[in-house]
Each structure stands twice: as C-alpha cells, then as structure tokens.
Amino acid sequence: MKTETRLTVRYAETDRMGIVHHSNYAVWFEAGRTDFIKQAGISYSELEARGVFLPLYEITARFKSPARYEDEIAVITSLKQLTRVRLLLSYEVVNTTTNTLLATGETLHAFTNTALKPLNVEKALPDVYALLKESTGG
Amino acid sequence: MKTETRLTVRYAETDRMGIVHHSNYAVWFEAGRTDFIKQAGISYSELEARGVFLPLYEITARFKSPARYEDEIAVITSLKQLTRVRLLLSYEVVNTTTNTLLATGETLHAFTNTALKPLNVEKALPDVYALLKESTGG
Amino acid sequence: MKTETRLTVRYAETDRMGIVHHSNYAVWFEAGRTDFIKQAGISYSELEARGVFLPLYEITARFKSPARYEDEIAVITSLKQLTRVRLLLSYEVVNTTTNTLLATGETLHAFTNTALKPLNVEKALPDVYALLKESTGG
Amino acid sequence: MKTETRLTVRYAETDRMGIVHHSNYAVWFEAGRTDFIKQAGISYSELEARGVFLPLYEITARFKSPARYEDEIAVITSLKQLTRVRLLLSYEVVNTTTNTLLATGETLHAFTNTALKPLNVEKALPDVYALLKESTGG
C-alpha cells in the first residue's frame, strides 16, 4: 500500500535561498503519514484519542532537487516495517509538474502511551496492529 | 514594567524575499510574552500546570522595516490592559544593531480553563491576578 | 470575486494547548492570497519574476473558535481595496465539516520593487493593475 | 572546535503531544551551524554575500528525550568532515537544566553558487576553506 498526498508549496515554506527550507520536508512527511494511517483504516487523531502516541525516534531526509513557491508536490508514503513497538515509514517527495524526485526519507516511530512510555501496540490495540500489518502487505 | 527579549534571526525564519517572514513576528511576540509573564513572578508553564490557558482572541502587527538573517533583535513587551477575563499585551520589535524599529503589535488573550472555557482569573487564581495587576503599574 | 482554498490541519501546526497555533493563520491567509492572485489571472510567482514584491504593512487576525489536527479547513479570500501602491485583502477561515467560522483577518500590502522600495503598480505593470482591479468588482 | 548555542523552547515549537515538534530540531541545528561558522571566523551571511550557498544534501536526527515549553537548550555543533565540495556537521541537543541529551544529528551540505550549482570552495574562496579546515582541527 502506498498513499499519495498532494500539496502546493507555501510562500512561508521558502527561505532566502529562494527554495523550500529543508525543515518543511519533515512536516510534509507527516502530512503523508497522516494520509497513510487514515488510508489504513484508522486515523491518527483516533489513535491519540485511544491513548496511543507515535513520537519519532529518528528521521532521515535526502534532498535531490529543490522545491519552489507554488510548485505542485506529491508525498508518496509507505510502511516499511512494523513491530509491536515500532513503525518505520518511508517517503518520496515528487514535483508533479516536472515529475522530478525532490527528496526521499524515512521516519522511525515508537508506539507510546500519552505519558510517552513505550507500549506494545499488538497487546494494547490489536485491531490497530492488524490494520497496520495489512497495509505493509502482511 | 517592560521586558526585553533578545534573539538572533534564524535562517528558517527568512523567505524568498530575503527577509523574515511575517508569521514569525507572532512567534517573537510570544517569546516576549513568555519573558514578561516570568518577570511578573509566575511562568506561563506554571500557569498552564495550574489549569489556565491564554488563547488568543486577536493579534495585530504592523511592519515598519524588514529583518534579515543573523540580525540581532529585541522584543520589548508590556501589559497594556488586564481585566478578570482578558489580557492585552503590546510589543515593539527592534534591530539592536541599527536601533531601528521593525514592527509593533498587540495580542488580546482570554483567560480560559484547559477545556478553553472562559475563566475569571481574579477568582480562580487571585495570586496570579495580583502579580499581573502589579506589572501593569497598578 | 472570492476564492476558496482547502487545506487539512497538519500535526506540526498544533501546539501544546491541542489547537492550531495562531501563527499558522498568517500562513493560511497567504495560501488563500496565492490562490486569489492566481484566480485573478496572474500568479504571485510571475509577479515576483516581473520584479514586484508584496511585503506586508499590517496583519490583523481575530480568532473565534479553535482548529484541531486533521480538521478540514477553507480559507475564503477577497480583495477589499486596491490603490496604485497598496492592496488590502480579507480572509475568513472556516471548518468545512462543522461549517464553523474559525477566524477572520486582513492583510495590507505594499507594492514594491525587489529592493523593497515602493512602486506604483499602475505605472509599472498596468496589465496586473487592471486584472486586480477587475477582481475587486471594479 | 565545538560551539554551544543557547535557546529557550518557544510555545509555537510545541505540538499537541505537549513536546517540541521534531521539525524544529532542524531549525535548532541550523542555529548551531550559524554560530559555528561565525566562530570559525566568517559568517554565513557573508558567505552568501560572496556568492556561496550551503544547501542540504542530507539530514539525520535521532531523538532521545523530549523537550518542553520554556526548557533551556544548548546545541553543540562541530564540523566532522570538510572536502572541497562538501561539509558534514554534527550536533548534540542538550537540556542544560537537567543535563539530559535530547537529540543528536548530522547535516551534509554542498557548496554551491547562488544558482545552486556545485562549487569547489577551495578554488572559489581559499580563505574560507582555510578557516573551515582549521575549525576541524586540521
């Protein structure tokens, strides 16, 4: 399963080099993640309402080509790995007009409770675990 | 009472015009507000721990002169008006190297509980109300 | 002429009150402005390519009701006033699911050259001035 | 050579988990980078004025412990590797009150001209190259 999230580059996302500031890619990955989880059959808001947070352990982003104001962007998200306590997602950011790959990245998350303590999601929310498992292709 | 908050312009705060994006002034006003409240004898973290939020009703900012990357900035904050349910703060943003006024602004806040319902701060937290009252010069 | 810009609240846009941080409304107004100008028949990227910037003189925002993560939002933008040197836009931010008005605001802009010096847009770019004039309803 | 950059967590940097949103660490790394380059004897503003940009190729951040509103933070920056065309910096983010390590990270940069084309900095700006070389300890 892959999801595609569309966005238009905002002026505030640019910096004085004239390109999108790299910190925004983390925000775009997150927009992709939101859509991915929703597409898997839950929503991240619901997940939090049921007491589960997904804080980051690690993020990596590699920048291939700059994005500019008003560019049309797609974030393609997939779930690379799922364990009872962790989640690894991967992202491709593409300019949909020129079909250029702009960036790739990964984020590694822990499942935690709202006090940010580690949580075994398979035990705590077996239905959520099953839905996510399915979205990895099994 | 006036407080002065120092900061250095961050690269991420610039936009493709080469100047600080205006949305950051709201964040700088807030940094000024944090220092003002701390100086008044409480801290905003403490206030929230005691169940009081200060969401915004209104913000105005007027821009006089642009700020640029690595500029040294001061935010001068004062409390213009305090009632049992509202708080009006005012701000001046200055380039401390050139002594130029960059922007002025005001923020109007409600006192609310953590469910964002209006709260009479004089009743709920009389000590906080007294400290804030004092910082207005009475 | 009014334009409507759709967006979904991003996680990074929330703060520890659990609601969208107010500084993001300035960014949303700008997304609305981008669409409005494009709809008027130019694009803001083009405008900049032709040597015209639109820095802010003043921004006001009034907050009525909070927005939360994953909320579906519309920014409704219109052009209130146009002179040879200035532009006043107004905005309404609406939760499209609940049809609640979340915020209203205005931004006042100068027309400047790329050195941020004031510019008479009617003289410098008469075609742009005409298009904008038309979008105000004349 | 190591530099230490102090900052206080801003309210706008928190998210609805109640902790600093991870995208801000990229901005903090950059604040550290700004100080490091200044300490090396140039400034990044100057570098850009002389026609050199330092866009990112890659960023990695690992999160150990959350930061919260009003926390006092230090970013410790060092230059790990310098070639004629690339720069690798590393960062540690520390809570200075509790002395807890919050995050570590690296950023890999290209030297480019203002059109974002790769540039041999040793040739283009030998004085800058020498200063940076010195800051690596040789």
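Observations, loosely collected:
Letters are used for the chains, namely A, B, C and D, taken in the order the chains are written, and counting of residues starts over at 1 for each.
Everything below uses one rule, namely that contacts are C-beta pairs under 8 Å (C-beta built on N, C-alpha and C of every residue); 3 or more make two chains touch, one makes a residue touch a chain.
A quick note: this is a predicted structure, and the numbers were derived from the prediction, not measured.
Just to note, of A-B and B-D, the chains joined by more C-beta pairs in contact are B-D.
Farthest chain from subunit C (centres taken as the mean of C-alpha atoms): D. Here the CA centre of subunit A is 33 Å from the CA centre of subunit B. For the pair subunit B and subunit D, the distance between C-alpha centroids works out to 28 Å.
Listed for subunit D are residues 11-12, 16-17, 19, 23, 26-27, 30, 68-69, each touching two or more other chains. Note for the complex: subunit A touches subunit B at residues 11-12, 14-19, 21, 23, 68-69. Residue ranges on subunit A touching subunit D, taken from their complex, read 16-17, 19, 22-24, 26-27, 30, 48, 53, 55-63, 66, 116.
Touching subunit B in their complex are the following residues of subunit D: 8, 10-12, 26-27, 30-31, 34, 38, 43-45, 68-70.
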